[in-house]
Amino acid sequence: MTQTGRGSLTQHNLQINFLELYRNDDRIFSEISFDLSEGQHLLISGANGTGKTSLLRVICGLTIPTGGTILWNQLATNNIDCRYHEHLAYLGHKNALIPELTARENLEYTFEGNRSINRTSSVLEAFGLNKYLDQYAEKLSNGQIRKVALSRILLSEKTLWILDEPVANLDTSGTQFLLAEMQAHLDQGGMLITTSNLNDQTLKPNSEINLDKA
Amino acid sequence: MNLKSIYKLGSPPLFYKLCIVLEPWYLISSILLIAVGMYGGLFVAPPDYQMGDAFRIIYFHVPSAYVSMMAYVFMAVSAIIGLTWRSNVAFSLAKSCAPIGASFTFLALITGMLWGKPMWGTAWVWDARLTSELILLFLYLAYIMLHLSIPDRSKADRATALLAIVGVVNIPIIHYSVVWWNTLHQASTISKFAKPSIATEMLWPLVIMILGYTLLFAAFLSKRTAAELAVREKRTRWLQTLIVGDKNNA
Amino acid sequence: MPEIFAMGGYGFYVWGSVLISIAVLVINWITAHKKFKSTINEVKSFISKDKE
Amino acid sequence: MMKVLRIIFLKDLKVSLRRWSDLLTSFILFVLVCLIFPLTLGNDPSLLLKIIGPVMLVAALLATLLAMQNIFRPDVLNGSLEQLTLNSYPLTLIICTKIFSFWVITSLPLILISGFIASSYYVTGNSILIVILTLLLSTPSLVHISALAAALTVAIRYPGALMALIIIPLSLPIMIFGAKAIEFSISGIDASAPLYFLLGMMFFTCSLGPVVTAAAIKISID
């Protein structure tokens, strides 16, 4: 058994074997296998409705797959000793912002990880969110909501980022900043899984799964 | 019967074949038993000294009430097995139990009311047994409606399984609170159908009817479970060869 | 014969419960059977569609 | 761990207070259901004393049912509930905290006003305390049962009728014993037996309810 605690020298690793998902009688995807180590980026591409989001939700553990296994550091993620969720940050289509709270309260409403104040202000600065921090989330525009949600991921200090179409709704400068941040995360040994429509701008991935062919 | 052979029942092809093979036997034997039981209950058994011929309704009321409760427990046990082993067979069984159980509950209520009308003068008194039966009907309806309103099958299976388990834990509590409440309301009602000592010629038709109803339940359940399994497994080769026959392989 | 139907004055209730029991059970069997038939047809049409 | 639960608890309180109109609706429903009986039945003390037990509990059940439709729904729609299932803390405890904060917000006001409503039904002396105690012991069970129903139906668009169908049979024992406790104390009988039953049911639902509700949440957001 390998030592997998935080700060140990062992690298984190995510291994997916023959994942498949059926809903009622329809096949969403099947025979998905890949291996992701630190510093690697996996891109899941495909047209609308090919099951990109479903695949991400299965990888996160939100949806139970029909078949296949997900291993985090050689341990199945449904194993009680597996500390998968400690290292995972997920952002789907829903931005998980509570409309009745302000942007600041939404950002504070995460209870894991402690980031420096400098880092927080630089991220908010780059996204141009400083002016809007005390507005209720329901008053923000879609792009701003997305930026708040993304800031939460960027500030989370988690190893594995799973982002569903991260650049959707973002303006040019926001996109540039996000891509740079994602690159920096990979350089620090982070792991990244993203989806994109084929025409989206994104980082060059280490590996790619195209659901159109499957 | 060792553990391994029980485990094998979880395989859909085997269970499907078992359902198909056993269903006619269940049906025939239950029809025979019910015919004998009905003859015994309606013609052979002597009239009750207190209730006269009206007591013959128990030959229809007690078996359906018994099956309605047994079906709920069966459904909950299947639900637990389904949740633990994610077994399609167990989920199909649980789902098929619900409409059958609900119809037996309905029968128990109707015959109970038909019994109550001449005995108490009204079709409905808040008798503990009838009230619990009514609550059981609501639990069945909740199960069926929840299953209908969730479109994704595996999600519906698991959500309703939770409901069935919660229901089966609650049934004794509900039953005893109704009994307790009832004893406080009405000092003495003749709410017990079966007296402690019952004449043999009155008892044997009842036992046979209960047996017949149970087998009938098994017959309905096999038929419905086979149908449910067929829907779920329609992509598999074993079912396709079973249904289309050897043409498919040629 | 008539006294059997009369059931000591309780004929309506006794025969009523007999009839309703039989009716519900028969309907139950018919619906189960219909459901089975329609699923088999569904699977058959699914297979023929699959082959094309 | 406690810190995390405190954060969730305070945040739920804050959000619920900002959705004040929802909460006011259930509170108003409770008061109106309680008041409509004297208005329609007439001002006969003996009659009112007879019905206050069932009326109180039915009103509490309806108010809980109405309020609890929204315990998980908004969080599922905006996606924050799935984020709650993705952190490393046990979902059961998180759900437990959420239900507790909902109880504070929806049931405490009912309990506070129940004394006044009881006195308007000509209940006097110790019996007013028993009315308050009965609601205090029965609302946690009602809230937990409703939370389970809400979790099971959270993915359904119009869950109202289905929730009622799930909740009412399951909460029947609480209704029966709650009404009995109030009836006993008004007619001068020792009400401790039904109150002990309510206490037992409270422990039962509070310990097992969140486990089942957490499982239901995981299924519903699948």
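Each chain gets a letter, A, B, C and D, in the order it is written, and its residues are counted from 1.
Criterion: a contact is a pair of C-beta atoms (placed from the backbone, for glycine too) under 8 Å apart; a residue touches a chain by one contact, two chains touch by 3 or more.
Please read these numbers as outputs of a predicted model, since none were measured by experiment.
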Note: of the two pairs A-B and A-D, more contacts are counted for A-D
Chain C and chain D: spacing of chain centres that average the CA atoms, whole Å: 42
From the mean C-alpha coordinate of chain A to that of chain B, what's the distance rounded to whole Å? 48
Once you find the CA centre of chain A and the CA centre of chain D, what distance in Å lies between them? 37
Taking the mean of the CA coordinates per chain, how far is chain B from chain D in Å? 33
So which stretches of chain B touch two or more other chains? 152, 154, 234
Residues of chain D that touch two or more other chains sit at 222
Chain-chain contacts as defined at top: A-B, A-D, B-C, B-D
Where on chain C is chain B touching in the complex? 4, 7-11, 13-14, 16-18, 20-21, 24-25, 27-29, 31-33, 35-36, 38-40, 42-44, 46-47
With touch defined as at the start, can you tell me which chain A residues reach chain D in the complex? 60-64, 83, 85-86, 88, 90, 92-101, 105, 109, 111-112
Chain A partner, complex, touching residues on chain D are 3-4, 7-8, 11, 14-15, 18-19, 74-75, 77-80, 82-83, 85-88, 221-222
Chain A contacts chain B in the complex at 23-25, 64
Of all residues in chain B, which touch chain A in the complex? 151-154, 234-235
